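You will see two complexes here that share chain A, one where it goes with chain B and one where it goes with chain C.
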Partner chain A sequence: MRRFSLIAVPYIWLLALFLIPFLIVLKISLSDAALAIPPYAPQLDFAGGWGAVKAFFADLDFENFEFLTTDDLYWKAYLSSLKIALISTGFTLLIGYPIAYSMARAAPEWRPTLLMLVILPFWTSFLIRVYAWMGILSNEGLLNQFLLWSGLISEPLTILNTNTAVYIGIVYTYLPFMILPIYSALEKMDDSLLEAAEDLGCSRTSAFWLVTVPLSKTGIIAGCLLVFIPTLGEFVIPSLLGGSQTLMIGKVLWEEFFNNRDWPVASAVAIILLLILIIPIILFQRNEQKQREAEGQ
Partner chain B sequence: MKRFSWFNATALTLGFAFLYLPMVILMIYSFNESKLVTVWAGFSTKWYGELIQNEAFLNAAWVTIKVAVFSSTIATILGTMAAYVLVRANRFKGRTLFSGMIYAPLVMPEVITGLSLLLLFIGIGLDRGVLTIVLAHTTFAMCYVSVVVSSRLVSFDRSLEEAALDLGCSPWQAFRLVTLPIIAPAVISGWLLAFTLSLDDLVIASFTAGPSATTLPIKIFSAVRLGVSPEINALSTIMIAIVTIGVIGASLISKQASLKQQRDEQAAARG
Partner chain C sequence: MAQETLFEPWNDPNESPLIQFKNVTKKFGDFTAIDDLTQDIYAKEFFALLGPSGCGKTTMMRMLGGFETPTSGTIQIAGQDMNNVPPNKRAVNMMFQSYALFPHLSIYENIAFGLRRTDMAKGAIDARVNEMLKLTRLEKFAQRKPHQISGGQRQRVALARSLAKAPKLLLLDEPLGALDKKLRQDTQFELMDIQEKTGTTFVIVTHDQEEAMTVASRVAVMDEGRIIQVATPDVIYEAPNTTYVADFIGDVNLIKGTVELRVSSAPVNDPEPGAVAENIVDETPSPQPNKLGEWIHDKLLSPIIGERIEPIKRLPPPSTAELAASQEKMQTAQDGGLLLNWSDKNPTIIVSNGDETKDGATLTFAIRPEKLNISKTKPDAPNALQGKVIDIAYLGNVSTYYVELIGGQMIKAQMANARRLARRDITWEDDVWVSFTDTAGVLLER
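Entry: the complex of A and B
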């Protein structure tokens, strides 16, 4: 009995507040928009008996999904989210890898402090970290003041409200997610492997590419997916740092829901976003599994 | 022998400068006299004074803390139960679905979690307010808690619990007297994680909050959409200071606790 309630309480909680809401989104994405509150039809009415249930299923259709293919705003938004997520994941890796690598080479007594310095920004508000860049990147912001003062540019650059600002924001906020898994892979690496490679005639550079990078592969994959997956549906960064031309699907979904109040279309947008995310999520799970097996040996 | 080169030193310096400079600049400019955030006009604490008098912010802060305390506490209880089930109960009907529901919210985009919960609350006619935000935050935070706690439970020596049961403890007593003290560090860090996730959340709260309850992130977001303001800088500085003190304090305490444990173990080994 005790065992039953131990399982049942969290189970029922998740069914009621995770699975059922998700099924509701799925259902509404197949419903028609209506000028009502809630602004969609049809609703399932069990009082009507079997006939009502049949009518309910007959009313469901893929209209909203068809609508998404006719208006090119949506597929442009998906493509541009994918592009932004891919490019910023690449930049995060380029910046994060040298940091993680250097942390793993630091003296062991320094490493807990360095690790703490990477984790600390993660505990501070995401919103504040994005906001901090608004004052730096604006036309009369500190970056432009500095560049004008140093004589590198003669006119202020427009960075805020462009895609460049979005890339900077994503790299900045997600950098710890990239550093941590790569660091934990590199920290476990056995240094004698590098010595062996060099004894056998490898240059230091080729030893890095042939030994260090392959050994940190699981860390690189985990880091890239930890950045890519949340970036794809990102809302805060494009709406604060991006401009009107920055198209990201998280923002489109938000506007569809709050501004246009078109719930069925917003739900269809959400379902397609999830379908796109399934592949990277499965890749991530398999990578984690591999890592666990490697550690178990 | 590891070689720490000039390259490593440069990478770390630039990397940490990149991570910390924006926040340091933000904090410095919170003490700026001028309303124009980018022009330095001398030191002043007037924005802190205005912040304290801003009732809308104070109310939002109070709502946020209430939501965070309730949701992280419920999430810790549910998450620990879920971790126990995941690690200990190997076979029961629907186990795959259960572990799927624990891991899925971790990767679910926030806009989708928020949207789906809002549609549920409207569907069952629940008025949006503090209660709905607590329910929403509890749901995603319990998944994080259960991941943290289950990683500790996996490495836990089960024979200790069995010994307690053999010596006449009830299962609940064994859990309370043996298991809980050992997994306590993970439970506490799970609670802290849930607490900060709740404090921090904008997207899910925006979907699930009604007009009667506004959280601090929602308030900050609507203010900064209009541009940079010194009051928000002051508020951010206070929040960063609290988090920094909290995290460093917690890590010092846990370091001391683990040192003490080491000493105790050594003493016990010497007998």
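Entry: the complex of A and C
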């Protein structure tokens, strides 16, 4: 009984905070929009007895999902989100890996400090940090002022409200999520492996590609998924830093909910987004499990 | 043993060494890890670097591997100066202490790793890897990952991987440190076997003296960045050149005293050398000097014939049974050598293998506990000291007796437990004789 209750806690947690909300969203996505509060129909009416429940289920349909296929806005938004998420994950990896690598190579007494510096941005609100980027990237912003002052450019660059600004914002925000798992994989690596590789005839560079990179693979996968998954549904960064042409599914979702007040379509968008994300989430879980197995040995 | 005595390139002036350390010094900041070291190592040797941690043995090996460069001096391998040659350009392979197997590669790929870095053909690589797998009896595990095999198997993979490229020189850094004792012993013999089969020069670093003695053709005992003694295991053990070496290799009793030339060739404690040779039958006490005789000797004769030797306390003549027991152990002292004066209350120790030019010096007498014999009756041995058993350490096969000699000097004697423990006749607080031959120990200067 004790054991059962122990196991039950996380499951109740998942049930209450994931499965039930998901079922509610799923139900809304199968409903029709209505000028009412809440703005969809039908409502489940237990007072009406069995007949009412039957009528309720009869009213549910996949209309909204069909609608998503008719308007190319949606699949364009999904594709564009995927593209932005993939590209920014790539950039985050390119920037994060060398940082994590040099952290892991740093003298042991420096590592806690470096680690803290990576985590430090979390001490400030995420929104404030994104707003700060608006201050930096705008036409009159710090970056343009600096470039104009140094004479590198004569006209201010338009960065804010473009996809470039979105990439900058995403890479900046999610960089720690890339650095930390890669760092933890690299830090565990035994230096003598590199010496062994050199001893067996590798140059430093080939030792890096043949030993370091494969051994930090789990860290790379974890970092990429930790960046990719939230980026795909990202809303704040594209809406604050992106322009009208920045199409991301998070923004579409928000607009359906709050501008159009079309909860059923918005729910359908969310369900599809979730289905898309399930694949990387499963991959992430597999990766974690593999890592645990490898360490368990 | 017979083979090892034949293999002595270090004594052959025509042999040129494979490895030459020439005045090599290595400093890490203020710390001197290797201090002006010069040493030759010959091809096909199994050379052991032995010492406590921090003595510089690992640094020496890492310099051979190319992971460290000397601060000054040169290291030559096969006549070529290696100071600026990176590890991947050396015909040297290393077996790491942690084995450093690549966890993401299978055993097969681990062994093939070094070969794939060369321009060897695929088929040749495969053949070589299989040969290595066979040599180390790992055929069955070829497709496993390193974490799926046992410690002993991992050790063999590490060995196979470092041998795969057929290096001129194989470095082994505490290769057996992670194995338990039984496995370690088996693996030591395997190592020697493989070394013989492949004809590779092995340099092994270890802090385990037993391991060094077992596998090596020569052992270098190191301390504080210097090599103290380089010799074959038996010489290191039987004839250490310093008390440090004597103390580091195995157990040793150290007795400090001044030496003098032995006056007569006759064994001092034995009354009649002739009789000894014929297995003394009657031991009638020889005439003892009276007070006057002693006075004359001490005051007048001692500068000429040396100090009077105190006859040690005489026991009643042995019974026939005792004689029969001691006949087997009957020993007689050789001529010459030195006498060690170390205590007023004890007889001098005869060291017939002592260097006679050292007359008058203060030296330390070193003797191994197992070279001491312990008995309740006075034995017939050139050296016999009286004492009392303070403690006994029972180790199963042997027992170590801690004997306090007259005057307080503690001495360890080790005896094989030929009898069962219950039948041991010597016990705590017993008055005993500790005896040893005149050549059992050595005199050391420092």
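One rule holds for everything that comes next: the second predicted complex is superposed on the first by the 279 of 297 C-alpha atoms of A that agree within 3 Å, B and C clash if a C-alpha of one lies under 4 Å from a C-alpha of the other, contacts with A are read in each partner's own complex, and residues count from 1 in each chain.
Assume a contact is a pair of C-beta atoms (placed from the backbone, for glycine too) under 8 Å apart; a residue touches a chain by one contact, two chains touch by 3 or more.
Because the structure is predicted, anything quoted here is derived from the model rather than measured.
Contacts of A:D190 after superposition on the shared chain: chain C is touched, whereas chain B is not. In the superposed model, more residues of chain A are touched by B than by the other of chain B and chain C. Of the two partner chains, chain C is the only one that A:V211 touches; chain B does not reach it. Residue contacts after overlaying the shared chain place A:I95 against chain B, while chain C stays out of touching range. Of the two partner chains, chain B is the only one touched by A:I20; chain C is not. Of the two partner chains placed by superposition, only chain C is touched by A:D199; chain B is not. Looking at the complex, you find that chain A touches chain B at residues 2-3, 6-7, 9-11, 13-15, 17-22, 24-25, 28, 38, 95, 98-99, 101-103, 105-107, 114, 116-121, 123-129, 131-136, 138, 140-142, 145, 172, 175-176, 191, 229-230, 232-233, 235-236, 239-240, 250, 253-254, 257, 263, 266-267, 270, 273-274, 277, 281, 284-285.
Those residues of chain A that touch chain C in the shared complex are 190, 192-193, 195-203, 206, 210-211, 214-215, 217, 294, 297. Within the complex, the chain B residues that touch chain A are 1-5, 7-9, 11-12, 15-16, 18-20, 22-23, 25-26, 29, 37-39, 78-79, 81-82, 84-85, 89, 92, 94, 97-98, 101-105, 107-112, 115-117, 119-120, 122-123, 135-136, 138-139, 142, 146, 171-172, 196, 199-200, 202-203, 207, 217, 220-221, 224-225, 227-228, 232-233, 236, 239-240, 243-244, 246-248, 251. Here chain C touches chain A in the complex through residues 65-67, 86-88, 92-94, 96-98, 100, 102-104, 113-114, 117-118, 147-148, 161-162, 165, going by the rule given at the top.
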